[in-house]
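Chain naming follows the written order as A, B, C and D, and within any one chain the residues start at number 1.
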Amino acid sequence: MLIVMKKQATEEEIRAVCDHIESLGFRPHPLPGAQRTAIGVTGNQGMVDQGTLEEFSGVAEVIRVSKPYKLVSRDVKEEDTVVHFPGTNASIGGRNLAIMAGPCSIETREQAFAVAEQVAAAGAQFFRGGAYKPRTSPYAFQGLGEEALRIMADIRDAFGLRIVSEALDSESLELVERYADMIQVGARNMQNYSLLREVGQTRKPVLLKRGMSATLEELLMAAEYIMAEGNYQVVLCERGIRTFVDHTRNTLDLAVVTAVHRLSHLPIIVDPSHGTGKRNKVVPLARAAAAVGADGLIVEVHHQPDKALSDGAQSIYPQQFADMVGEVRQIARILHRDVLDGIQVEAQASAPVRGSR
Amino acid sequence: MLIVMKKQATEEEIRAVCDHIESLGFRPHPLPGAQRTAIGVTGNQGMVDQGTLEEFSGVAEVIRVSKPYKLVSRDVKEEDTVVHFPGTNASIGGRNLAIMAGPCSIETREQAFAVAEQVAAAGAQFFRGGAYKPRTSPYAFQGLGEEALRIMADIRDAFGLRIVSEALDSESLELVERYADMIQVGARNMQNYSLLREVGQTRKPVLLKRGMSATLEELLMAAEYIMAEGNYQVVLCERGIRTFVDHTRNTLDLAVVTAVHRLSHLPIIVDPSHGTGKRNKVVPLARAAAAVGADGLIVEVHHQPDKALSDGAQSIYPQQFADMVGEVRQIARILHRDVLDGIQVEAQASAPVRGSR
Amino acid sequence: MLIVMKKQATEEEIRAVCDHIESLGFRPHPLPGAQRTAIGVTGNQGMVDQGTLEEFSGVAEVIRVSKPYKLVSRDVKEEDTVVHFPGTNASIGGRNLAIMAGPCSIETREQAFAVAEQVAAAGAQFFRGGAYKPRTSPYAFQGLGEEALRIMADIRDAFGLRIVSEALDSESLELVERYADMIQVGARNMQNYSLLREVGQTRKPVLLKRGMSATLEELLMAAEYIMAEGNYQVVLCERGIRTFVDHTRNTLDLAVVTAVHRLSHLPIIVDPSHGTGKRNKVVPLARAAAAVGADGLIVEVHHQPDKALSDGAQSIYPQQFADMVGEVRQIARILHRDVLDGIQVEAQASAPVRGSR
Amino acid sequence: MLIVMKKQATEEEIRAVCDHIESLGFRPHPLPGAQRTAIGVTGNQGMVDQGTLEEFSGVAEVIRVSKPYKLVSRDVKEEDTVVHFPGTNASIGGRNLAIMAGPCSIETREQAFAVAEQVAAAGAQFFRGGAYKPRTSPYAFQGLGEEALRIMADIRDAFGLRIVSEALDSESLELVERYADMIQVGARNMQNYSLLREVGQTRKPVLLKRGMSATLEELLMAAEYIMAEGNYQVVLCERGIRTFVDHTRNTLDLAVVTAVHRLSHLPIIVDPSHGTGKRNKVVPLARAAAAVGADGLIVEVHHQPDKALSDGAQSIYPQQFADMVGEVRQIARILHRDVLDGIQVEAQASAPVRGSR
């Protein structure tokens, strides 16, 4: 259910509606738009009485939402969601394409700084790096854990880059939330609903990667899980689906970008590294993602890909990344968008902000 | 690495080898076979020195295992793994096909008992029922939780049926382990490695369902995660894969049964309910699973499928189930296997055994 | 559109209705059933006037068929279609499962006779062998052509086996129709509509293999193409679909057997050889196909698979085939069906019947 | 086998080598490059003696080609193949992206001319239109046949656009070859090897669409069938593959463009209309195709898509097409390529050239 408030509705009127919804045992989600505020109503079962709500002061309309997803839907919020990173010029979902880059895994301080310096110079605003790695084999390198997060926090201090890293479970989530600026939920965990709920209870932006065989609806429903807990800063990510194709590791489904933009107000970025699994295909598909209208890119970059502990074959060289950013910027401009020259941080903003639950 | 002990090796000799492996920082996994004991060696990195180990008393051979999966491999353990349920005649992986049945979700005590009575009478040895449901929508019925587990424990007392239920995360795992006889890891969590590790630390048998787009190797590696923690009682389950096909919800890949039996000593059962998603196809595919050589079946049964809170469309009626068991038993006998007439419990064994971590 | 005649309708009444339909520029397809005759009406466009038809003597009912397939539909013909092979005890779609076996390609007379003798002894009623092979590479062995057909005609004379062989185009169709008893349309040609039409103009039974990524509806529509030309003796064949799975060459979709039986009166057999691509999986999947309710099997058998010019890896040995037939017969009996002991031919029937167009 | 001639090799030397190859029962395929000529050798079986060939005057090197595809391979011809349309400025595979547009089916002269005028004005160089339609249903509109081809020939005269149309079989091929400038082989016929061979015997350029579930190797082998018959003017086309995805009719696999360019010298264009099946996704994916590096686009355009007899839902409006061409041109320039302003024809070139077999 969706309650559309009048343009001139006051904060008190909005609060009164929310209080009423809560008193009925449901959860209100006030979502301010440019023109009006809409209030999504969620709850496991039953239905709020429509007539009573329409009588509340400031209410313009009460709409039954028939789609299984509610809070992610454009019906509920017409304007694009833009995720801001306070104290910086970085954002996701607005005019500028967000550029995220870094190694698959944080291996050493030297490696991480070497890559970070180069991707920052090339214009990236976000540094991605794995501290906790979901590996197919229990015997493979599983990441440096908290040490990796500390290195990345230092990279933020040194270069201003905002930090994106994956959480796998309650413990790693607590640490990623503490050190990083954005919490990644990986493809293998897209339907780990317990993790989605916990992530929904943090107040850090979330990067939600599409599962390997997830439909559009399943992807949106996974985001709905996070939003239903009150965290509305969700960014989706297309990273390739599993098909019969054998010339790439996955098949990048770029049409999903357009499909998401039609149904949802959430931003969606593209990962051409996992989406292809092959270095020689990363840059062409990154250009394609920009051309299709993606809100950003996340790319694996390594200064010595042949020595990488994971995903070396799909990591591009720093110089390739720099060239890629240049091409992507030109394509973005054709679509009346742009790519920042680089991250800028206000003096006081470089310290990590501790998320509160 | 795999250490094959001589036939006549003593327990002391085996322990000495294990102690040595531990002293080097690795983990030994002694796996007794009919003829000899083999000791699997796991550990995140590096390699035990082969020469030293070969000098230990009782050691027949030291083998480097090149496959990514070790403990699940037939190279390590030639004999089929049979999972026993002490105090009962039920087992999985031996001569008799295991038959698991029950509703998708436990909805009420009445519903659960009504179904349980009928599936027990038809010959099932295991009762399956969801207490914690991984639902695509955060607003859908999520299961009765601990109450459902208590109902199922009472069903064990009443009918002798061993209880199988799904755990989603640490909290639900603790409860499922306490009340149930077998812990299910669902398809969506097949690559939730944190959960796999936790499940590996329990001492209850595990039913590991194949992910919707998991390859054979990924399935075996998920089992390896559990076994690497020391829990060797793993049963795999084929439940259909995601394809372009639209006449069933998933496509049941029965050839994977044969493929698993060649590579691994673990049992594999088949779920024709999720594997087809349509009531009229459950029984034919159950017969096919028995004919291909599966070690058992897990089937959704509901006495009023049209009123089911979840998966009603794929739940069969109790009478269909009874007929199915009869046909499956006849097919099993053609393959020199059989289906028990029903569960039998020794007087003292019906109380739940608390797993220890 | 479908015209259902009254039970007691005479041949004259049926002919009068057909004549009327033809006079309007449409095509009537009288399909006799056990109780009544139904007349399917096809034609590229427009619609026959319903009222006029209902006034014809002997007409019980005129039904608009909304499904895209008409002649293949159970709505049009409720009874199972059984394809008979006159002068023999062989049939497809009735009580007995049809067993087809033989080498992928006819390589030499010696090879073909060696295989034929053994599969005939094991109970096969049909001999399959490729004369024209659709090979991925233009440089691979393309089949012996007419010489292969002549060898197979001699095999029919020697062993009574009915001959099934694939036609690729107009020329090969003409020859296959002349020499063989059943014309195979291969998976790659399932949507070669020109070939389907030509095959529809022959009067020999057709074995139509499902395309590698064909949906159920596309498969039925391909059969509809053949039937719309007036050839109603169509047998479908599931031979595996293309998925992400890598432990078999294709994924055998056994649920399609049940789905076809619900929607269509046509028989459907299963090809576990192409469906798996691996010798060790052919027999288990053949059993599964029988258990799911398939109307027959088509299996590649070679007396020296390691020397086969094509598909050696998926060809089973004659002894495996003989064991398979025994197991399949036992499974068939559980489903109240059976497998013949072997082909029997009336003295005068062994000569090939020339199809007329 | 591949024979690389010396840079300074004369035509006589090349002919002598070819004659020798023919005298041995093989087929020589001289493929001139910028620097040197290479001669591919094909034939069903056996191997030319390498030593003898190396002794021929003008031969630099004799190479055994181990890949299953030979003539399509970059090993055989390093330079990109550019297909020219004599008497016009149109080409495929060179610096300019080829732009093909038109309705799915030719329905009437008025419709065809209305669309053609607008796509010509927007910069298209090729007019696509179906005369023979491969339809899933035998009762659906199958195309106007030769009448459609005559209309398209008139469109060439009126607007200069080169004509692309699909052939389904021998009869339609003869007519398409006579009237059109480029013969299309559709996705459903990609492995109709008889048709590929016949098309290979024409001397008109061929547009070969990828099958719905064709691997990269199968696509290249289909082109090899055409080239093995002596027709080297083959252009590949990615048109979407069949996956589990349900938000588009097919999933466009743009990485295949990069993969083809690495392995083969043949051009590859992209069809975003069939690749998505939805009007709102055609233009974004067309931009993405240009950005990934495709050699051109083929797009369905209809002036009244809601009234189209086929594929209306995926046909874009002429104005959308014009905007698309503008955006694609800008993206092409970023990759140092371009899009022509429109077709230009020398006075004497507008008459159709009759292909000779």
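Criterion: a residue touches a chain if its C-beta (ideal position, glycine included) is under 8 Å from a C-beta of that chain, and two chains touch if they have at least 3 such contacts.
Model, not experiment: these values are computed from the prediction.
Student: Based on mean C-alpha positions, I'd like to know which chain lies farthest from subunit A.
Tutor: Measuring from the centre of subunit A, the most distant chain centre belongs to C.
Student: Of the chain pairs A-D and A-B, which one is connected by the greater count of C-beta contacts?
Tutor: Result of the comparison of A-D and A-B: A-D.
Student: Using Cα averages as centroids, what's the distance between subunit A and subunit C in whole Å?
Tutor: So the centre of subunit A lies 52 Å away from the centre of subunit C.
Student: Can you compute the centre-to-centre distance for subunit A and subunit D, using the mean CA position of each chain? Integer Å is fine.
Tutor: That gives a centre separation of 40 Å.
Student: Taking the mean of the CA coordinates per chain, how far is subunit A from subunit B in Å?
Tutor: Here subunit A and subunit B have centroids separated by 35 Å.
Student: Provide the list of subunit A residues touching at least two other chains, using ranges where the numbers run on.
Tutor: 213, 242-244, in rising order.
Student: Which of the residues in subunit A end up touching subunit C in this complex?
Tutor: Residue list for subunit A touching subunit C: 242-244.
Student: Can you name the residues of subunit A that touch subunit D in the complex?
Tutor: Touching subunit D: residues 213, 215-216, 241, 243-248, 251-259, 262, 275-276, 280-281, 284-285, 287-293, 327, 330-331, 334-335 of subunit A.
Student: Show which residues of subunit A lie in contact with subunit B when the two form their complex.
Tutor: Touch list, subunit A to subunit B: 42-45, 68-70, 134-142, 168-170, 172, 188-189, 191-195, 197, 212-213, 217-218, 221, 224-225, 228, 242.
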